[in-house]
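Next come two complexes built around subunit A: one with subunit B, the other with subunit C.
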Partner chain A sequence: MPTGSTPAIDPVPRRATRRRNAERLAPYVLVAPAVLVVVVLRLYPLVLGVNFSFTGDGDSDGTAVGLDNYVTLMGDPLFVGALRNVGLLVALLPVAVAIPGLLATFIYLRVPGHRIFRSVYFFPAVLSPVIVGAIFTLLLAFDGPLNALLGSVGLGPVDWLGDPDVAIFMVVGVHVWATFGMALVVFLAGFATLDTSLLDAARIDGAALPRIIWHVIVPGLSRTIQFVFVTTMIGMLTSMFGLLYVMTSGGPGGATYLPEYYIWIQQGQLNRPALASAAATVLFLVMVVVGLLQVSVLRRSGRED
Partner chain B sequence: MARVSRWLVAVPMAALALATVYPLVFTTNVALKTRREYVLDRFSPADSPRADNLSTAWNSVGLARYFANSLIVVLCAVALLLLIGSMAGFALGRLRFRGSRALFLGCLAALFVPFQVIMVPLSRTLTTFGLIDTYPGLILAYVAQFLPFTIFLMASYYAHVPTEVVDAARIDGNTLFGVYRRVMLPLGTPALISVGILNTLFCWNDVLIALLVMPSAEHRTLMVGVTSLRGQYSDDIPTFAAGVLIAAVPMLVIYLFFQRQIAQGVTAGATKG
Partner chain C sequence: MEYAVKNRALWTVVLAAGLTVAGCGSAAGPAPSSGGDGNTLVVWDWKSGDDDAAAYIEAAKADFADKHPEVEVEFVAQPFDQYYTLLGAAIQSGKGPDVMLFNGGGQLRDRVDSLVPLDSYVAEDRERLVGWNAFTEGGRTYAAPVTLQGHPIYYNRNLYEQAGLDPDSPPTTWTEFVDGCATIMDRTDATCIALGNKEGIGIEFFLSGLGSGVLTDQEYDDWIVGKRNWTSPNVKRIFEMWTETERAGLNNEGANSTAMFNDAFAIFSSGEAAHVIGLMSDVGHWQDFGEFLAPADIGVMRAPVSTTGATPSLPYDGGIGYAVARWTADPEVAADLVRSLTSKDALEAFYADAGAIAADTAIDVSDAGPAVADIVSGLETGEPALHVALSVETLDLMRRLSQQLLSGSVTVDDALSQLATADQGS
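And now, the complex of A and B:
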């Protein structure tokens, strides 16, 4: 890769040539800081991390241990639980995409109050997962307001964040509450590019809304839907740390572990960076596979239409 | 849709809108109550709204310090992101030079490397350079994290600037740097504002990177500080709520003023990608 320094070869440089040289190098100078940062702090660490996952922790720091870390991971109920939770997220993904999609459809069709809905729905998206998590920890506490409300209508208290079968759904639900506005805005931008003549034709024919959605809107927005699927999945796999950290700390009994939380615990708390690197490599592979699968599935279903 | 069914849809949507706003309204109300009031009735509006909890959270809990930490780091990181990102965005989006395509694809590839995946080696690298638990360390970590996205948006914005604009400026005797400074920076203002606000949100709201890179108590950012409140004030909910509210206010203000720019930034990836 060319560098930004200009070699001073000519002892009596003519200004014109010098300037031309400088001009030729100028684009490289403009990108140099960005390339330096991205390569040193984003791409190189990826290589380093994958390498690192094949070495040992503690006493065997730096020595090659082959696949030992991966074997350890697969034998760790916390990590296996984290992967099972990823499966759950994938299963819930269509719901997390359909909710903003449907709401965007109604807003696009101008239900009464659509302007207000649009900006109100988006607002939790600007709040940090830490803030959102803290607020819902308050609301969902065992002796908190939600249970007080349920108690007043005679329903028994639910340990929203303390029951292993309930907690993960609560965390995912709060994540969806906080982020559906982002996907909604993306859907609305997609609607702006939708060919309205088909929509009008379907309406004149008196087609029912579900048919319009399925036969006109879904095919027309296939690219947007694909984008939302991928970004929602990435969001679920990489931006729930704040919620987990504040709401459950991975508990109860590891029931709300996700790979990103596992990586953090191994690296930050238990000082097992090599094991954490192996978990990170698995997370990366999961993301690549899920991303490719979704793109190919959606592409195929798009072709059938 | 028929008239009646429109209203049938609007009612649950209004309920959802309430559910979207209510948690923050509830928190605000709690922050204005005394402990006694909260224990007696969690939902009733605060009798005589008081700022006591807010000042406790700000002063004795130490949120003022955390707030300053966040402000320093976020301002520096966003300024650097805009500078480096717009330079690279101009070069990669508007200029054709040897290797430009490969460099752009490299930046795009970095977009798909989440922080969790590189956090172990990154923290090692930062330790090597003595940057762990320093402001420059966290600023650099944020720049690295959000630069690919910034470059991508700036490049796709500058790609729509007609070539004639660049050519005309060069005929006027500008060097490429002159074109960047005198033409591209002013032209890019709308995109810079949009990207700058999004980056401010990302950096301000982050907790994982801050926990990893600047862990010591005196260096806590506001979000890390809020997470530490939870244990300390588990029996003083109103003070806890006040801390949460203080941490949320800056982004709520930004949302009120720049809602359109945020939405533009979020959707740019979808429509141009």
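And now, the complex of A and C:
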């Protein structure tokens, strides 16, 4: 360490001290911009938001109300419904990961036309959620093309976005369609590290495709799969607002509410910023749990190697 | 390892700091300062950017320049979808405008803390303009009406003729209306009612459009002044009618996924539905429908009566109006701008270009077709719309419940008890 406790035998002590001070300060000066950005733009608003969640709205604006906002949240069936939908998203996660995984496998195994598929699959990932939402709102309309198609084969029309039991699955489905291209690219990158000799050996032994996938490809890609799980989860929790806004507006009857949509309604439409802060804090805590899981998963897979 | 310990210590400090300051300050932010300086007035709205409002804005600016040549006016047009979000954020961050446009009803009432009571400034306009009630809270007026907004029941006279019904005498009772629906659906390809409830707005139009035929005069007046009995038989009747029309198949299919703006209106104007509860101004109204239907084919009827003692009336309120912010430098100058924005010349330009029923009833509308004539003739006996009297929270709940009523996941009784609780709480 250059800035240790050197005894004062320097011939020009003052200049040396100044240089030593400069050297000691340099790292702090260099990291200051990054630290300032994090503290001023991330930590301070975060603490402020948590703080506001303990104040009141309307008449009690600016007064401390303790945990009242959290009690209100837990008593609001709409917010509880939004949290339940978060649970549903977690339950649907394996499907959202399996789809790009399977399609990437087919591309890797060079099915006919795999080059075209590779670019076509990625295409929706560059579209804005609002545009995707508008397209699917038209396709899934009650008098839209999908119901017309079903009608032509004699099946009754389904109110895809107006039936509370169906709507959330449609929105999640569209979200998966719109974003799986990114996961697919990650999977393809993972395949690049796969040991082809294992695949060849399995083929020579006469293993069928399902067995190859289950016993060779899945174990070989375990780290990639874990990574895609975590990123897909975060994407589902934080970037479905645009789709919800365009496709269902949270309806019917609040069936497609997610916490971020609830926060927006409370803050922007109902003038209750403190309650919105409390909801945002709850969403933040959910994300912290997801983030910690991510860290532990990645650390564990790191140890395996 | 040492780093990790330090890191953890840092986090503890941050969290502790967070908790010690918890619950102080205001989530709604500091009180804003003036939007413009003394010589500039900043106006926020969602209209001034439209081509068809250009003549209106010009006329208002000219009128104001005569009174205050030294004051500049800057119009800032915001997108309507985001308007109240942006306005709320601007007020919180202390960058609110001096004069701002509001829809009548809940959004304005929620913000009266930030507004100047205009009663003393607009006394001269009281008689000339109508629609003040939607901008009044606690006996004080906070904005001056520009247009009127209401919910006439439009019907397609052509479909009535095809079905063998007399378009000149539309149904006057609910039984007649339902029977007429059956005839229309039997003899034409059209459905009876165009309904869009994707945003939950359908119930607001339904409640206000049909309410005057169900509530007695006394119940109606009580409702408007805030004495609402959600479990009374007649209020319950309105919500039963909401579910019955759906069960009987009188609405277009998929109402919960059909947007009111503008899919439901498109169903009506393309002749696929015989009735729609629409608007008077801006969109979803006589001028919009006139693009596809001949103006002579569009009729307007009063609410069909289902309760003896009910007097059907045209439900309408002040639609949009300009208000003055509390933090403006000189409220009198800002109020003068509001008066210019509601002057007769300006409103005449708005009616002619934008197709809005203006708040000034002296404007001549004789050349706009029978629907407009019907609407304007109903203004004198008109009553405030029922849903405009409700708070934003109650409306938000009612929208969701209306969707659940259509999908059958809540009963009318349960919905009404939830609404009663929400209405008392707000």
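Please note the rule applied: the second predicted complex is superposed on the first by the 251 of 305 C-alpha atoms of A that agree within 3 Å, B and C clash if a C-alpha of one lies under 4 Å from a C-alpha of the other, contacts with A are read in each partner's own complex, and residues count from 1 in each chain.
Everything that follows uses one rule, which is that a residue touches a chain if its C-beta (ideal position, glycine included) is under 8 Å from a C-beta of that chain, and two chains touch if they have at least 3 such contacts.
Remember, it's a predicted structure, so these values are computed and weren't measured experimentally.
Enquirer: So in the superposed three-chain picture, is A:142 touching just subunit B, just subunit C, both, or none of them (first/second/both/neither)?
Expert: second
Enquirer: Quick one: classify A:273 as touching subunit B (first), subunit C (second), both or neither.
Expert: both
Enquirer: Quick one: classify A:103 as touching subunit B (first), subunit C (second), both or neither.
Expert: Touch status of A:103: first partner only.
Enquirer: Taking the superposition on A as described, I'd like to know which of subunit B and subunit C A:253 touches: first, second, both or neither.
Expert: The second partner, subunit C, only.
Enquirer: Does subunit B (first) or subunit C (second) touch A:43, or do both, or does neither?
Expert: both
Enquirer: Of the partners subunit B and subunit C, which touch A:62 in the superposed model: first, second, both, neither?
Expert: Second partner only, subunit C.
Enquirer: Between subunit B and subunit C, pick out the one touching the greater number of residues of subunit A.
Expert: B
Enquirer: One more residue to check, A:52. First (subunit B), second (subunit C), both or neither?
Expert: After superposition on chain A, A:52 lies in contact with both partners, subunit B and subunit C.
Enquirer: In the superposed arrangement, what residues of subunit A touch both subunit B and subunit C?
Expert: Touching subunit B in the first complex and subunit C in the second, residues 43, 48, 52, 264, 267-268, 273, 276-277 of subunit A appear in both lists.
Enquirer: If you look only at subunit A, which of its residues touch subunit C in the complex?
Expert: Touch residues, subunit A against subunit C: 43, 47-48, 50-52, 54-55, 57, 61-62, 64-66, 78, 140-143, 157, 159-164, 167, 248-249, 251-254, 264-265, 267-271, 273-274, 276-277.
Enquirer: Which of the residues in subunit B end up touching subunit A in this complex?
Expert: For this pair, the touching residues of subunit B are 1, 5-7, 9-10, 13-14, 16-17, 19-21, 23-24, 26-27, 30, 42-43, 84-85, 87-88, 90-92, 95, 97-100, 103, 106-107, 109-110, 112-125, 140-141, 143-144, 147-148, 151, 175-177, 180, 201, 204-208, 211-212, 223, 226-227, 229-230, 237, 240-241, 244, 247-248, 251-252, 254-255, 259, 262-263, 266-267, 269-271, 273.
Enquirer: Write out the stretch or stretches of subunit A touching subunit B in their complex.
Expert: Interface residues on subunit A, with respect to subunit B: 1-2, 19, 22-23, 26-31, 33-35, 37-46, 48-49, 52, 103, 106, 109, 111-113, 116-117, 119-124, 126-131, 134-139, 144-145, 148-149, 177, 181-182, 185-186, 188-190, 193, 209, 224, 227-228, 231, 234, 237-238, 241-242, 245-246, 259-260, 263-264, 267-268, 273, 276-277, 280-281, 283-284, 287, 291.
Enquirer: Going by the contact rule at the top, pick out the subunit C residues touching subunit A in the complex.
Expert: Touch residues, subunit C against subunit A: 14, 17-18, 21-29, 82, 84-85, 88, 92, 110-111, 197-200, 253-258, 263, 392-393, 396, 399-401, 403-404, 406-407, 409-410.
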